[in-house]
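Each of the next two complexes has chain A plus one more chain, namely chain B in the first and chain C in the second.
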Partner chain A sequence: MTERLDGPAPAVPREEETSRGGAAGPADTPRTTRRLGPSPAVAIAFLLPAAVLLGVWVVYPIVYSLFRSLFDASGKGFVGLGNYTTIFTDAGMLTTIRNNLIWVVVAPIVVTTLGLIFAVLTERIRWATAFKLIVFMPMAVSLMAAGVIFRLVYDEAPDRGVANAILTTVHDTFSSSQGYPEARPREGAQSAVAAQNGGVVTKQAVQAGQPVLVPIVGVKPAAMPKNARPAKAPTGGGGLAGTVWFDFTPGGGGAPNQVDAGEKGLPGMTVEAVKDGQVAGTATTAEDGSFRFEGLPAGSYVVRLPQSNFKAAYNGLTWLGPTLITPAIIGAFVWVWAGFAMVLIAAGLAAIPRDALEAARIDGATEWQVFRRITVPLLSPVLLVVFVTMIINTLKVFDLVFIIAPSSVQPEANVVALEMWRVAFGGGNNQGLGSALAIFLLILVLPFMIMNIRRFRRENA
Partner chain B sequence: MAKASAAVILAGLAVAVAACGNAPTTSEPAASSSASSASTGGGGKTLEGVKLEIAAKWTGDEQKNFEQVLKAFTEKTGAKVTYASTGEDTGAYLGPRIQGGSPPDVAVLPQPGLVQQYAKQGALKPLTDAVTKEIDANYTPYWKELGSADGKVYGVLIKAAHKSLVWYRTQAFQDAGVQEPATWDDLMKAAQTIADSGTAPFSLCGASAWTLTDLFENIYLSTAGPEKYDQLSKHEIPWTDPSVATALEKIAQIAGKQEFMVDGTSGTMQTDFPTCANKVFANKKSAMVIEADFVATSVAQAKGKVGEDAKAIPFPKAGDTAPVILGGDVAVAMKDSPGAMALLEFLASKEGGEIWAKLPGYLSPNKNVSPDNYPDALTKQLGQTIVSAGDAVRYDMSDLAPSAFGGTDGKGEWKILQDFLRKPTDIKGAQAALEAEAKKAWK
Partner chain C sequence: MTTATATAAPAGLQTGAPRRGLAGRIVDRVGSGVIQVLMVLLGLFWLVPTIGLFVVSLRTVDVNNAEGWWTVFTKPAELTIKNYSDLLASGFTSSFWNTVAITVPTTVLVIGIAAMAAYAFAWMEFKGRDTLFLVVVGLLIVPIQIALIPIAKMYGDMGIFGSIPGVVLFHTAFGLPFAIFLLRNFFVGIPASLLEAARMDGAPEWKIFVSVVFPLGKPAIASLGIFQFLWVWNDMLIALVFANTESQPMTKALQSQMRQFGSNVDILSSGAFLSLIVPLILFFAFQRYFVQGMMAGSVK
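Right, the complex of A and B next:
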């Protein structure tokens, strides 16, 4: 533009005027109707390649999807808006839409907030570049690979999944379980004991002098204490006494409910004598599983092994179960994108006029007030860019859900983009319904696209 | 590798062009006259100079073994056969080649459903009488029907996977002092004893729903019998049929007891296929895994020995039928050339089957291939069950269903069986859901 202006026209006003040969004098009124630039033919010739590409790659697919979405799976039967009705009546699809809502509401806010915090904090630390590099690193990993990584992170077994390893380590620092998880009373009419409220009780009331047999089965090999000694059939004697033992002969062959040779006692079990719902006495089993209540008044008691004996070790959370799956995947998404948000926001931060911050500080504003009243408002255009980009990214999220969610919880973790692929290609082979979903997704993304474009225009104006 | 095979094909084409000047039809004129004598199996090398291409998904050892079978065919007939690997997605490989008008002479399809699909497209050539005769002699009518579409025979099942097995860790059985169960009730009793001993009896693969369909199919074939199995496969009887409830009840006997499943319901639902086998043989947390012959790979990875550390037993009878369910690959002709037909005839024959059977990793659905040919005891045992089950052998039901019902993650039968595993008390609900999905899929 400027090149043209430095032509023959002397002291042309700021209004852009062509200065082609033979032009009527320096017209400074908007009266002129002469166009700017080359002839329409040339313009079209220049636009054509881009227009053709856009048409082939963008406009035609959209129009065709719209058209295809009105037909059934075979593509021959016209169903009108039937596919769209299916979207909003199918229960599974409603879960999918609900999940997308959660994604759109939660993920962009978390990513933008984290990015803002990182950006503001890295301004003040010495190793800012190193820190930024580390936070930005996940961007270099493809979403697919990130999915594989987080599938492992969320593995339920603490010896494989980092998330549960951390949880169990923290938990075990405060309390450790020493019991017989998953052990249970021997079932059946022959057995003298039964399960109750997670514990084990004798079916009948027992009295002193009458030995109490408490057969337990299903003791995990790992839970068996090293010091356990072979159980002994209890003999009579004074007081209420009995034996708690693992009623299973290794290799089979033992008689149920009887203390056989080779069967081990279960040491360290808490045993309670209960009368009328009140605990009258407590004992602990010895290495051979025997116990004896000392100084208990005569009478009949129910012997109980409370639930605490059978408490399973804490194994962390079921991250990949139906309830936690969406938050878990959002966690992976945040890991990938927080660095991107940080870098963009940090760039915006660098452009903020320092004097505004200085002025606020001189006026006695606290750091929080500076951040809240000066930094964030000045940053808001950048924050908006990040936020809108993230919304578009969450709406089209696909690979993370596809990889992280085990197939049994895919229905609970489903999102529209994944459902679209699955219905159209991943087994469903219903491209009509798939196209309808694609159009639905397009409609969801459209407002944010328009918002973005408007903003660009405003900025360029 | 790919480059090398491409070069071979190119070289082959060059020779063909040089010879006749019209590559795609070279073999036709030369071979057609001798075709009949080739298929009647005369002594001479009647297909000398004919070039064939066969496409299948096998790679590695499976490919090498199959190439030995092809070599035997070449020695017998003189026809040169090139093997092309389709990769895992056979449809994606064959689709463009069919559309481009240059399909391989013979293709091996991993699912019978594809036979119907390609037959409808007109991409398959009906088998000649000579080949059908061979099929009639060596296969039960069920397999013939499976390879047919609209009354014409298009394909023959040439390689089978045995899906009616229960694998167990011998040590776990010894520790609990239980014997190999022969019936479902015995299996449940053994499972209870193993659970009492402190080991979880079953390792189910809840995250790989196809293993659940296999479990269901075995129980269903056993309790309801082959006729009902066929009817349900084609959705001729509804899933709300009482026979389905019987089978689901049996699954509930396992899924209803937390101590029967390693890591309980929640852990089971996150366990995919090789992991559940590893829980038995590598981690030794469980005693049994109910899956097909290919579990042997997991045993080998855990440095175990099949027959010593790990054993497989036929799926216990839950009803009147001893279930034998196969998966497998169907060979079809995509060009109507005498060479392609001769190759199919060879693969369907006792002779071809026995050459293949002597190599490891192969199980033949051919009832005339004697189990004595197999190199290891397990395959011998599996072959024996196929021969003795005779007409009652069936193909994997979920692979016969439309894929939206029997083959998609999070949809149809796969999803409902997973839901049922989570909530094994709701048999009626599961049946209703299955029927609703089936209605949609068979529309």
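Right, the complex of A and C next:
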């Protein structure tokens, strides 16, 4: 919430002002109030506290920063525009500017679009107020707390971070989940299996009633699934069946190629029955490592564990790594600001005259046409306000980047507002360059400042 | 929240449906079912991160490092308030009170000073008034960064660097443009007749301000107060620069623990949750003013 909502404030005139006619403000009625109004001295007295605070804390610093930005770190050596040259040539600074560009291009569009979608969809549900409260709630929370929240969400381990937990769950629903990287068959004369093309095959063709033993070694402790249960030597029964297990007895002992007590099955392995080079049947090992091909025609098959079993398991994305850090933080930003966009756009939506929409529907327009041709054009002033507010906020973004990006990744996630702090206070101690960055930030928001002033003048003329 | 869409909700579906016949109605029904499900998912998407923080704050570091917070549904026995009792014992309470000591005076000062200025801008005649107000409009979006270095130097020279008054004054100054803008726009809507009557009676301006303008401005002042309170309560940047370890608010105290996120997750999660309790209570209690303030500040 350090980024304020006040950006494009005067963009749209207040209704009271424009519609109130009779009891208008002083802009319209200076002559009637002048006689009764107080003397300028009284006005000055009322304005003085604000003028002093704004003058000393806001206006003077702009002048001072402009001046200070022309000097070096010590403040003694005049460097002219040297600090500004640094901003546009230093490799780290260029990364910073590139990140700000990504922010400005992506975040406002996503927030505004999402806000529009939410605002339209909430009109279709009964529990709209509850939904709005939930989505709007992050606005009240500090960006510091939001940062902590998203550090937890983006935790890389899928069993801790909720983002990767969801990703791996979705991924595993659609493809084989279990990976046993670097595991391999126990080979040798005694073994019934051998390695082939990165997978495992039985040396001889096997058939139903002839249990298939597939001993595997080299399973990394980290890759051992938590749900693995002690392996069971296969006992007869119908169909082609067998066991894939980790042929290693913890604490020593146990015979190779035999299922010993304490040895665990390897669940989640894909097992294929192959005949004449064609896959005739597929099975997956159970928690005790056993598998059984159901409904397989009698005959002899080669049993194969395809290579896919021996790839690393899918563990989601490295959200907080150098490549994804900016999109990840933008995600947190969207979480914070979507509610703001939604509430403003919903208010705009409520103000659209229903007649216009009705007329179009009666003329046979589809809902999409109504939305595209009437709703969106009528909403465009509000959409613009939201969009511009978000641009200003993304230019100033600081807290979220500072908190979510781990310090080792901060150079890759850096933005101008953060770099300004780092250079001047966070160890850099270069107030010349820091001032130049502050001025640069001011220049970035300057067009919006001018836009605000011009709109306000136009609407109050 | 309340202002937004209550009236709009049913219109679209009701009027669209009857003309379209059975097929159309089935499409609408299915469509509305899809929307319901979608909205539930989206709602969860927005709610889950905060729930995660809350659950993490109620489990020990070891449990948190071993498994995800969602296992709480199968292992509720692992919940504990130990993190909170540790946090309170560790001196975090002093940063809580620092936050209060920074936020409350700032909010009062901003309201008082801005209301005076806004009254002058709205109802007094003086030379350069409109130009001056345009300056205020321009200052609305000045980035805080611009003042960090100059004011740090000034505070250093004055010897108030690291003090709570220094932090309060900085916040107050940067809160003023929005506050003046919001209140001035509200004050110009006060019926002129009320003020003229008071002036005719010969009441001094300060008295009109206190007994007429201020009471009439209450809705706008309430909105402003909530916003200002939340901004200052939630600020980190200003605290980071101008507060020291004695005067630091919660945000700064927590930030200093961020480097070892994994091992400090107990303090960070419980501290972050404590820091957002007050804003959330305010938000739910005064959401009407919150939304009104936001609207007045951006669109109308």
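Remarks
In this section, the second predicted complex is superposed on the first by the 272 of 461 C-alpha atoms of A that agree within 3 Å, B and C clash if a C-alpha of one lies under 4 Å from a C-alpha of the other, contacts with A are read in each partner's own complex, and residues count from 1 in each chain.
Heads up, the rule we're going with is that a contact is a pair of C-beta atoms (placed from the backbone, for glycine too) under 8 Å apart; a residue touches a chain by one contact, two chains touch by 3 or more.
Everything numeric here is computed off the predicted structure, so don't read it as measured data.
Legend: residue contacts after superposition of the two complexes on their common chain; A:T285 is shown touching neither chain B nor chain C.
Legend: residue contacts after superposition of the two complexes on their common chain; A:S435 is shown touching chain C, with no touch to chain B.
Once the two complexes are overlaid on the shared chain, A:S407 sits against chain B and chain C alike.
Look at A:W421: by the touch rule set out above, it reaches chain C but stays clear of chain B. Look at A:T112: by the touch rule set out above, it reaches neither chain B nor chain C.
When both complexes are overlaid on chain A, the residue A:K396 reaches chain C alone and has no touch with chain B. In the overlay built on the shared chain, the residue A:F150 is in contact with chain C alone; chain B does not reach it.
Contacts of A:Y60 after superposition: chain C is touched, whereas chain B is not reached.
Once the two complexes are laid over each other on the shared chain, residue contacts for A:N99 go to neither chain B nor chain C.
Between chain B and chain C, C touches the greater number of residues of chain A. Residues 406-407 of chain A are contacted both by chain B in one complex and by chain C in the other.
By the touch criterion stated above, chain A contacts chain B in their complex at residues 92, 156, 182-184, 186, 217-221, 223-224, 246-253, 318, 320-321, 406-411, 414, 422, 426-430.
Only residues 174-178, 193, 195-199, 206-209, 258-259, 263, 266-267, 269-270, 272, 403-404, 407-411, 414-415, 418 of chain B touch chain A when the two sit together in their complex.
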